[in-house]
Structure formats: C-alpha cells, structure tokens
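The two complexes that follow have subunit A in common; it is paired with subunit B in the first and with subunit C in the second.
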Partner chain A sequence: MSVTQQALAVGRGLAATRSRRHVLFGGLHGADYVWAIAFALPYAAIFLAFVIYPIAFGIWMGSDPALYDQLFSDPRYLTAVVNTLLYVGIGVNVKMFLAFMLSGFFIRKRWWIKALMVIFILPWATPALPAYMSIHWFLNGQWGMLNNILYALFAIDGPTYLNEHWSGLAANISAYIWKTLPFWTVILLAGRMAVPQELYEAAAVDGATGLRRFAHVTLPLMANLYLVCTLLDMVFALGDFNATYFVSGGGPAMSTEVLATLGIRYAFTIALPRLGVAAVMSALPLLIPLVILLMRKLRMSEGQL
Partner chain B sequence: MSATTAVRRIRSPLFYRLQRYGVELASLAFGLVLVVWSVTPIYNMWKIALDSHEGIFGDSIFPEAPNLESFRVVVTQDFWYLERFWHQFGNSFTVGLSVTGLTLLIGSLASFTVGRMRLRNGWMLTNAALMTYVIPASFLAIPIYRIMQIYGLGNHLSSVILALTTFATPYAIFIFSQYGKSIPMELDESARIDGANPLQIYFRIYLPLMAPALVAVGTYALLLAWNEYLYNFLLLSTPQSMTVAVALAQFLNSDESPWNYMMATAIIYALPPIILYYGSRRYMAAGLTMGGVKG
Partner chain C sequence: MQRPAPERPANREGRAALVRMSRRTVLRGTVGMAAAGSLARPYIANAQAKTAVCWIGQGFVQQEDVAMKAVCDDYMKASGNTLDYSIMPFMALNQKIISALTSGDVPDLFFHDAPENFLPQYAWDDSLVDVTDVVAPYESQLSETAKLCSTFYNRATKKRSYYLCPIKQGATPFHIWGDLVEKAGLKMSDIPKDWDGVWNYLKQTQAPLRAKGMRKIYACGLQITTVGPNDGNNLFRHFLIANGGEAIVTPDGKLHTDDPKIREAAIKSVEFMTNLYKEGVVPPEALSWNDADDNNGYHEKLFVMDFDGTLSTELAMIKDKQAFYHDMQVLAPANKNDGTPMKTMLNAGGGMIPKGAKNLEVAKDFMKYFMQPKVMNENLKAGLGRWAPAIPQIVKDDPWWFSTEMPCLKPYITEIALNPTVPLYNAFSPAWGQCDAEQLWGQAHADVIKSNMKPAEAIDKAFKRCNEIFAKITI
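Entry: the complex of A and B
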C-alpha cells in the first residue's frame, strides 16, 4: 500500500531530523521538560479518569464468577452471542465487499458519478438516530412504506419484518450496512486513488487489462487497507448500539439483541448492572485479539502513530 | 496475448461503440439503484413528517395532503414531549461546541508534546490514544455511568461533555500527528533560537499552520457529539438537562406516538449535521485520507 510506503519514507526522514535535533538541543531539559509535561497532562488526565478508571471499575464489577454462571444459563444471552457473531461476521464482510466494488464504480471519471456520490453519501451524513427510526417505521408490517410499496406493485401483504427473529436481525444488519457503506466506500476509494497511475500504465504495456489488471495491481496494493478497514469496522460493529436498539429494538422478546444492547438492557432495564458488565466482558475474547491486531497494524502504517 | 488482439482486430468499430454504450447504460441503471437505496429511508422520514396523523396509518406511498403542520408543532413546542424543544436544542449545541473545543485543545496539546517536543515516553500517550480509539464506547457505558455518579456529575451536561471528549480526542491526536509531520521542524528550531518558549511556538507557529487539520477534527468532534445517543441517554434524564437526541428517542416510549411530530423533530435534528457535513466535506475528506478512519 502506497500510504505505508509514504509513511515509511516520512519515518526515515524523521529519524534523520531527530538525530540532528538531538545534537543541536540535546533533548528536552529544564523548563522545556516542564512545558512538555504540562501539555501532555490534560490528555493523560482524561485518559486516566474516563478510560483507565472505567476499565478497572468494569473489571471489578464483572469479576464475580457467579455472574457468568447466571449469564450462560440465560437463553437470551446465548441468542445475543449468536446474533453478535452474525452481525459482525455478515454485516462487516458483506459491507466491505460491497464498498470495495463500489469504490471501483465511483473511481470512473464521469460528471454524473460525482453527482451520484453526493447523494450516495447521504446515509452517512444523516445522524444514526433519525435514520434508524425511519427504517424502523419503514419496515412496520402494518403501515410501513415497504409493505405499502409491495402492495401497490404486487398487491401482496408483506411480512411483519420486525416481529420475527431472523428478519428482525436481517433488518438490523441491513440498516447498519445502509448507514456505514458510504463511509467505507469513500475510504477505499481514497485507497484506490492512491495507487500510482504508472503501475496501471506499466501493466497496460505488459498487456494486462480488466480482470488481470485488477488481480495483479489493484488487489495486492489494496489488500492491507482492506484488512485494516475490516478489522476496524469489526470493532465498531461489535460496539454498535444504535442499529439494534432503534431498528428492531432488540425484539421480539429480546431475540435480536446483540451484546452491546443486551449489556445496557441488563444494567438499566432489569437493573442488574453487574450482569450487564459481565455480558459486555464476555465479548473480550473476540475484542482483545482485534484490538491487538489493529494497534499493530495502525502503528505500522502510521510510523510514529 | 497475440490471440486476443487478433480476435479484436476482426470486430468492427460499431461493436465497440455499442459495447461502450451498453456499459454506460448498465452503470446508469446501477446508479439509479444506488440512489433509490440511499434515499428511501430519508424520503420515508419526509413523507411521514409531511403527512397528517391519519395519513400515516394508510397505505399510501406519497403524502396524501402534504402540509407543514408537524413542523409548526415542533417549532412552537406545541406538544407535551416537545415542551422544552428549543432548550434541548440549545443543550445539544452546548454539548457539541464544548466537546469540539475541548477535543481541539487537549488533542493539539498532546500531539504538540509528542510530535514537536519529542517528550521521552511520548509513545505511551499515542498508545493510550490508539487504545481508546479501538475500544467500543458502548462497552464502557455502564462503568462510566457509575463513575459519573461518583464524581457527582449525574444528570449534568458536563458528564456527557467529558465522556464524549474522551472518545473524540484519540482521533484528534491521530490526525494532528499525521498532519504535523508536514510542518517543517526548522520553523520550531528557528523560533527557539529567537528565544520563543514552547507555549509561544504552540500558539504562533503550530496552531496557525495546523488550521486545516483543526477544521477537519473540529467538524468530526461536533458531528460525533451531536449524533451520539447512548451516553446522552444514560447520563441525562430530566427534560431540563436532556439533549435533542434523548428527547427524540422519548417518542418511542409511548404507544400512540405521533409519528409525524417525531419525524419532523428528527428532520430538524438531522439538518445541522447534514449541512455541516456537506459544508466541510472537502476538509473532512482531506482529514480522512490522511490515514485516520472513524465512522
């Protein structure tokens, strides 16, 4: 990926600057050191107060093993685990694939493609809450617009989408894809644009067109970005609260809940905060590897950060 | 390869022209599908907001008698859920602007230390930011709720402001560090030789040159704060303290919800971020392609 190469180049330049600076100034000393500490202090303070403290507090709240017995004997919890895996697995991968294909569509230079992009980006520009509320009503079995359209076109009564487990889950996942697809398309489009044109020219000279050009130039150069985006969105999807909460509302009978909403439900509807924390903490075996992988990937591609 | 070129030579120019038109037509049709996909839920919002209460519970696809009655009700606070609508709108602005200001201040100070002053162990700061960036905010909601009670900030706007600043700052540090690399260190060095202290360098050199990144991150923070729901909902519960997002979701509590009022509220709530987003799209795109990615 060319961004990585750029970052590496910048990194090399920085190393040179740094050593020269070190000779000139001999690192931080005296008053400068105090300034540096003072500048770093606000972030350190909010990090300790609102990240480290809550994490420690959460671990303490969810440390009782009995909570996990209670959790695993709750069928709603097991459903939520399956839902979460489907939500993350399908929601993210389908979307990333679509976004990758769409970025290839949007890279073509036509005036109407630019105009289309402005409309296409609307779901991302709209706040989640109104958008998901609208989708909730759109899918209403009795008066929702989707069934009205089905009735007008084919004179059939559509199903009550949000009253069944699988269609409810599918609605949540689709809503999440609808909302975030433009964002990832734009990111992958930027990645495609960063592929040097000379590579395509060279490939053309060698006679590669169409699929071969895609397989041997675009794909290898985009693979890393694609992977980082997928991992990042998996983390976002794992923590996504709004789509489930507002599209299906977790219903019917809490069968479409994911871990993020189930935790909140336990804590604030059933008033079992410790069980809520335990539900969230049970996602850690999935979250921690993702976080470690991502931190390595992001650090690698950013040089210093 | 020579085989394919041989085949190609046989075909007439007309074939290629037709093929080109075919591809163009197919992509136009695909574009139309994309428009329908993107716009339908937004259209649904307008349709309901423009309809009367009876019109919603019909089988129409277009508003039967479009009128602005719902918007009038929202703007004049003429419904009991909306009694303090403009006050709550103000709350949303307070939260949004405070989060933006704090994020820019804290983020730029931190990345100045790490990137320009090269504080030893500064990597710990960037790692902390990176970690916060990849931890889902909703997973910390329950402990943060409890902690805000401990800090005595329950039901106070500052609790939401602090929590959201925490989640917006990592992205700020990320973007500032990236952008800061394009500002030559020689500027700092020459200022230093002229006797400037770090505070002066920060204000006179660093901040002015970082302006584009500040705009991008500021927009991001404002949108994040305005659009956020979960923390607003958990931390603010009285009509006096809540923001528009919480007030909007309150409509879902009641069974006989006036959906047209709700959608009118939703549209008014969604307009500022949409305008801001399209207004600053150029800067946002610049910020995003700089390597940061956050939804």
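Entry: the complex of A and C
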C-alpha cells in the first residue's frame, strides 16, 4: 500500500469515526453534549413517567389470559362490542360530516353568523358531566322537557326514550355529537380559512363556482385534514364513557353499554380494575390500526391542509 | 478538518454564567444534595411515624363533614399524633381507593360509609390489614350485622377476619309524602304492616291524585331499574327477604338457588314488582333510572313513595321546614308477607387499613379511639343521625336517637337498632357483588316487562348466571 493509500485509509477511518460520532452525539462536543443531555433528561423522564409507564402498566394489568376468559364469558361483553362499533362508526362519521358542512356555513362573514357561532360553541364549553346529566333529564319520558313540550304543543305523551335499546343508543350518540360537534367545526373552519383565496379567485376566473368550486378546490384541499380529524375523533370516541354513562347509564338492561363504560363498571363498581383494563384493551385491534393510519397521514407531505 | 467550535453567547454575563455552571459544579451540587437528603432522611421519617394519611368520604350533609373533622381534631389533640386527612366525594373516594390498591401507593387509612362494593374483593385478595386487634375490645358490643359486615374471607389466609373497623350502619326505610297520602283521601295510620300491603295500599293514591289534576304523578317510586348500580339490587333483596328468600346466600359464602323456597320467593318478588309496573303505578322510566333519579323524582313530588337507603332523602330537604318536619314521613318495614317480623338489610361503614400503609400504628390507634362508644355516638349524632352506631346499646342509652325532634329519625333508628336485621350478602362472598354489578335482578324485570318472559323463566335465567359467577369464587 502506498503512502497515499495509507493516508486515505486513515482518512476514511477518521471519517467513519466522525460519522458514527455525529450520529451518536449529534455533532456536539464535550460540555455541549453534557448540557444537551441535561436539558433533554427532564423531558425523557416526564415521557417515561407519564407515557411509557402508564402504557406499560396498563398492558401488564391486562396481560393475564384468564381475564379474557372471564371477559368473554360475560353476556354483556358482545353487546358492548357491537355498541362500541355503532357508537364510533355512526357518531364520528355523522359528526364529521355535519362539522364539515357547518364549517362552510360559519366561514361566511355576516355579523349574525359570527354571533351564532358564539352560541354554537357553548356545548363544547359546557362541562361534560352536567351537560350529559341534563340531557338524561331532558329525555326523561315522564317529566323531561322534550315530552313536556310535545304535550304542550300537541297534547301527546312522548315515548320513554331511555327505555328502548335503539332510542337509548341514539340518545348517547346524539349527545356525543352535540357535545363535540362545535370543536371539530372550529377545526375544519380553521382549515377552510387556510385555503388560499387566490385558488378560489383562479377557479372563479375559470368559471368554477358553487358546487364545482367546492368539489374541485375545497374538497381536495380539505380531504387530508378531514381524514386526520376523523381518525383522531375515532380514537377519542373509543375511549369516551361520559355520554353513555350519564345519558342512558348503559340501560335499558345494559343494552347500550360500550367497552369504555363496561371497563369502568368492572374497575370501580366491583373493584376488578384488571378486568376493566382487559375490557378496554380488547379494543386495541381496532385502535392500533387507527393510530398507525393516523401517524402515516400526519407524515404525508402532500399539498393539502 | 476540525469542526468549528459552536458559537458562544456574545453576552459577557451569559458566558460567565455558563462557565461557572461547569459539569464539576453540577456534579458537586448533586452530591451535596444527595448527602443532605441522606442526613435529613431519619428526621423526616421520624416525623412521618406520627402522621397517618387518611382518605375520608364526604357526608351527604355538611354536618357530617364537620363531625368528621371534629373527631380527627380531637384525636390529634388527645394523642399528639397527626392525621393528614382529605375529605372527598363518595365516587371519587371509591376510585381513589381502587386506584391506590391497584398501584400499591396507598394512604394509611380509608374511611368509607358504604365500602361494600370493593371491600369484599380486596379482603379476598389479601390487600387489607387484619384489624381484629382493633375491633376486639368492642366486639361483644357490636351488632351481629356489624360483625358480619366487617368480617370477610381472605383466600390467602383461608379464613374470615375483620377488615373493617365498623363505626356506622345504615338501613333502607320507606319514604312517603304524608301530605299526598292525605290529599288522596287515605291515611298514613291505615298503611298495613305487611310488606306487599304497604305497596298495595299506597298504589291507591295515584288515581285520586290524578283526578285532582296531578297529571304526571305516580304512586310508587319502585326502582325496578336495570341500570343501577345499587338501588335496584337493594330493592330486590328486600322483596326477596319479605317473601322468605333471605337465605339465598349463607355466611359460609354458599349460594342456595337450588332451594325451591328461595326460587319461589324470587319468582314472587319479580312477579309483584313487574305487576306494579304493568299496572302503571310506577314511572315507566324507572326501568332505566340511575341511583339519583328516584331521589330527584321524590323530592320533586313526582311520586308518592320511595324505598331508598338512609335518611339522605329527608336530610337533603332539611332547609324546607314544611317538608322536613311535616310532609315527609319515614316508615320502617314491619312484617314480611307471612306476618313474621321483616328483617332489614344493613351495611356497615368505617375504617380500613390497606396493606403497605406506612403508619399502620397511628391508623389503628385512630380507629381504636373512634370505636369508643362515646366518640362514635357524638360523631354520628353530629351527623344528624343519617347513620346509626354499630354498637346498638348506644342508641338505647341516649334518648336523642328516639326523640321526635326530627320526625324521620325514630322510625329509622327503630329499623336499625330494634328490628331484626341481616347483613348485605356481599359480606358472605365477593361473588354476590358481581351478580349485583351485572344487574341480574333488573335484567329479570326487563325480561318480564319487555320480552314477555314469565317470572319463573326470568328468575331461572338470572339464577343460572348467578351460579356461573359463584362457581368461579369458591370459599
């Protein structure tokens, strides 16, 4: 090997070491590296304590296969799974569609629409518990406001909404939609506001107005945001127990129970928290693909909002 | 090529600060703090040895909380120990207790009015400290139900022991709007003594009241609920007892659904309740009530009578003088349907010590103090008698408990302290708690009302599930 070759080999070795060092230390040296670690440590500790540890603890709590035998032998479980799918599927999609439509309404610049927006946002601002309890009483078949209005206007006694499976489930889903619709409307409204006006002006020059403008400009630009919002809300809805617990209470005869309320009942009504965690963990086959899809969507860098 | 050194702050003071905060300085500081911590630790530990952390359930009326604080303060003065206590609402306390026992990060004492939802399970799992030594000095004075409601089976030690230091007990009386009964042309004094008779008599109030313009009023606040968590189960248990089926679970933790007498009692109970519902004297929504709905409805005079635990129904309206002192009447169940005295089901509340409690001795010492009859009596009287003492002799010795100052008190205390009682079945086996949690009895009612099942079929279905649950928890 010539001297030049030897020198080059040493150079390559040094470069490789530097490269490894760059990867390991991020190009930092000495005290800078120590300071970087010192600053990162609190965040790492918080992440470990509040994200990794609870998840690992939850997985550990629900890790005994015997729990799932017990869970699957409970006649309420299958009902809860079906209800959860209906709750998430209908609740999220109907809400996101309504939110999308309403965001188109609220983007208008008239003063009374702005005033209406303030009222519209109120359900989101109201604390969940009293709001859902009010709905429970609002729907009471005997003394609820809804049936009293029906009687006052038409002299008819309305049905007992919370005594039937389908109307009870519909009440829970409607309450969930009512509570969270303003939030997603505002998010989608912000998305619409971010669409450059020039695009609309260009579309108008090309003769695209009304529905065509919506189909060819708004919809393609909002599609990604809409999908991300839908996925996020599905994750939220899967874990939501407030609406079911406080509106129908899971009744009648536990027929409107969802996995989240079933888990809470196991954990805090009969002190079987591990079974409660197992009930919630059984939703993971649905939850994990949703989260993966969400992450993939968030990583996309297409020309969309 | 050497990488250029990163830019340092141009600010002179900033640079100086960075130079002073060297690695060595940080290391030196850390070592110093660790040393100080080690030296200080024994003193901190000594201070903690005299301090017990207590989680206490909030009362239904403010007076209960004031009374609880007074007991804690008096104990601290008398003993020199410190109680670091927190008073929190019922559901929050339940959740905190279960979370603490699950994670292992526990306080030194839980004080709970109605721990039956979690206590049998945690005693079974060996998560609580055996408090037999605390209870022993007072054991002979405790009511039989208080003893049974405080002893639970531990599957690790394979024996029953005390896991609750009982202080208070509660029963379920009838709550009746006396003024509505009179308005309907009936008399409180004419209410029959037998169990079914009470319901049958009071259901007659509905028609005359509606005829007088009360369009939406119902006679019976019967919690035939399928939602729970507690009221519907409690109602079914009392019907079962009234029909002669009280031995459905025995103190040995065995289930006796195969006993024809018990099956018959359960069928009669479901039949009677579902018939009341079908007759239209019970609000249709009762099938979906939660535990607060009957209280709210009763307070609004939406039905004439309710059957619900403790005097919280009356005490909630203590500021309404007319209602509290005149209109609201409390009636203790008198006889079963066979004419023998009715046995009321009682629970017990008090202190529990979790395993892992750091200051066990202070917690035990506090409970020893609290279990003294005088202390117990003053605390429960100050709480307006919503709960009765676990030592029945106390109410016999103190005329306050049977005074007529509060009209609701005398019949309620009679029910607890003088009438025959039985403990909650949860005390016998944690499996019963699971049957309750699945709302098996409410489900049986729904099967009859909504699916037109015969009461016998509905009970057989509920009993089948009950047996499956009990088969998994054998004592």
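One rule holds in what follows: the second predicted complex is superposed on the first by the 271 of 305 C-alpha atoms of A that agree within 3 Å, B and C clash if a C-alpha of one lies under 4 Å from a C-alpha of the other, contacts with A are read in each partner's own complex, and residues count from 1 in each chain.
The rule is short, and it goes like this: a contact is a pair of C-beta atoms (placed from the backbone, for glycine too) under 8 Å apart; a residue touches a chain by one contact, two chains touch by 3 or more.
All values derive from a computational prediction rather than experimental measurement.
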Let's test your reading of the overlay: on subunit A, do subunit B and subunit C clash or fit side by side? clash
Partner chain(s) touched by A:141 [first = subunit B, second = subunit C, both, neither]: second
Have a look at where A:252 lands relative to subunit B and subunit C in the superposition and call it first, second, both or neither. second
Subunit B versus subunit C as contact partner of A:201, first or second or both or neither: neither
Contact-wise, after the overlay, does A:168 reach subunit B, subunit C, both or neither (first, second, both, neither)? second
Just subunit B (first), just subunit C (second), both, or neither: which does A:51 touch? first
Which partner does A:70 contact after superposing on A: first (subunit B), second (subunit C), both, neither? second
Please determine whether it is subunit B or subunit C that touches the greater number of subunit A residues. B
With both complexes superposed on chain A, which partner does A:270 reach: first (subunit B), second (subunit C), both or neither? second
Looking at the overlay, does A:61 come into contact with subunit B only (first), subunit C only (second), both, or neither? both
If you lay the two complexes on top of each other, which residues of subunit A touch subunit B in one and subunit C in the other? 27-28, 31-32, 57, 61, 137, 142-143, 249, 267-268, 273
Tell me, which parts of subunit A touch subunit B in their complex? 3, 7, 10, 14, 17-18, 21, 24-25, 27-28, 31-32, 35-37, 39-40, 42-44, 46-47, 49-51, 53-55, 57-58, 61, 102, 105, 108, 112-113, 116, 118-131, 133-135, 137-138, 142-143, 145, 148-149, 151-152, 178, 180, 182-183, 186-187, 190, 194, 207, 228-229, 232-233, 235-236, 238-242, 245-246, 249, 260, 263-264, 267-268, 273, 276-277, 280, 283, 287, 290-291, 294-295, 298-299, 301-305
The subunit C residues in contact with subunit A across the complex are 3, 5-6, 22-23, 26, 91, 94-95, 98-99, 101-103, 117-118, 121-122, 216, 218, 225-229, 283-285, 287-288, 290, 296-297, 300, 302, 430, 433-434, 436-439, 442-443, 446-447, 450, 465, 468, 472
For the subunit B and subunit A complex, residues of the former touching the latter: 1, 27-28, 30-31, 34-35, 37-42, 44-45, 47-48, 56-61, 105-107, 109-110, 112-115, 117-120, 122-123, 125-132, 134-147, 162-163, 165-166, 169, 173-174, 177-178, 181, 185, 189, 192, 197-199, 202, 226-227, 229-230, 234, 245, 248-249, 252, 259, 262-263, 266-267, 269-270, 273-274, 277-278, 281, 285, 288-289, 291, 293, 295
Could you pull out which subunit A residues touch subunit C in their complex? 27-29, 31-32, 34, 38, 57, 61, 70, 73-76, 136-137, 140-143, 160, 162-163, 168, 248-254, 265-274
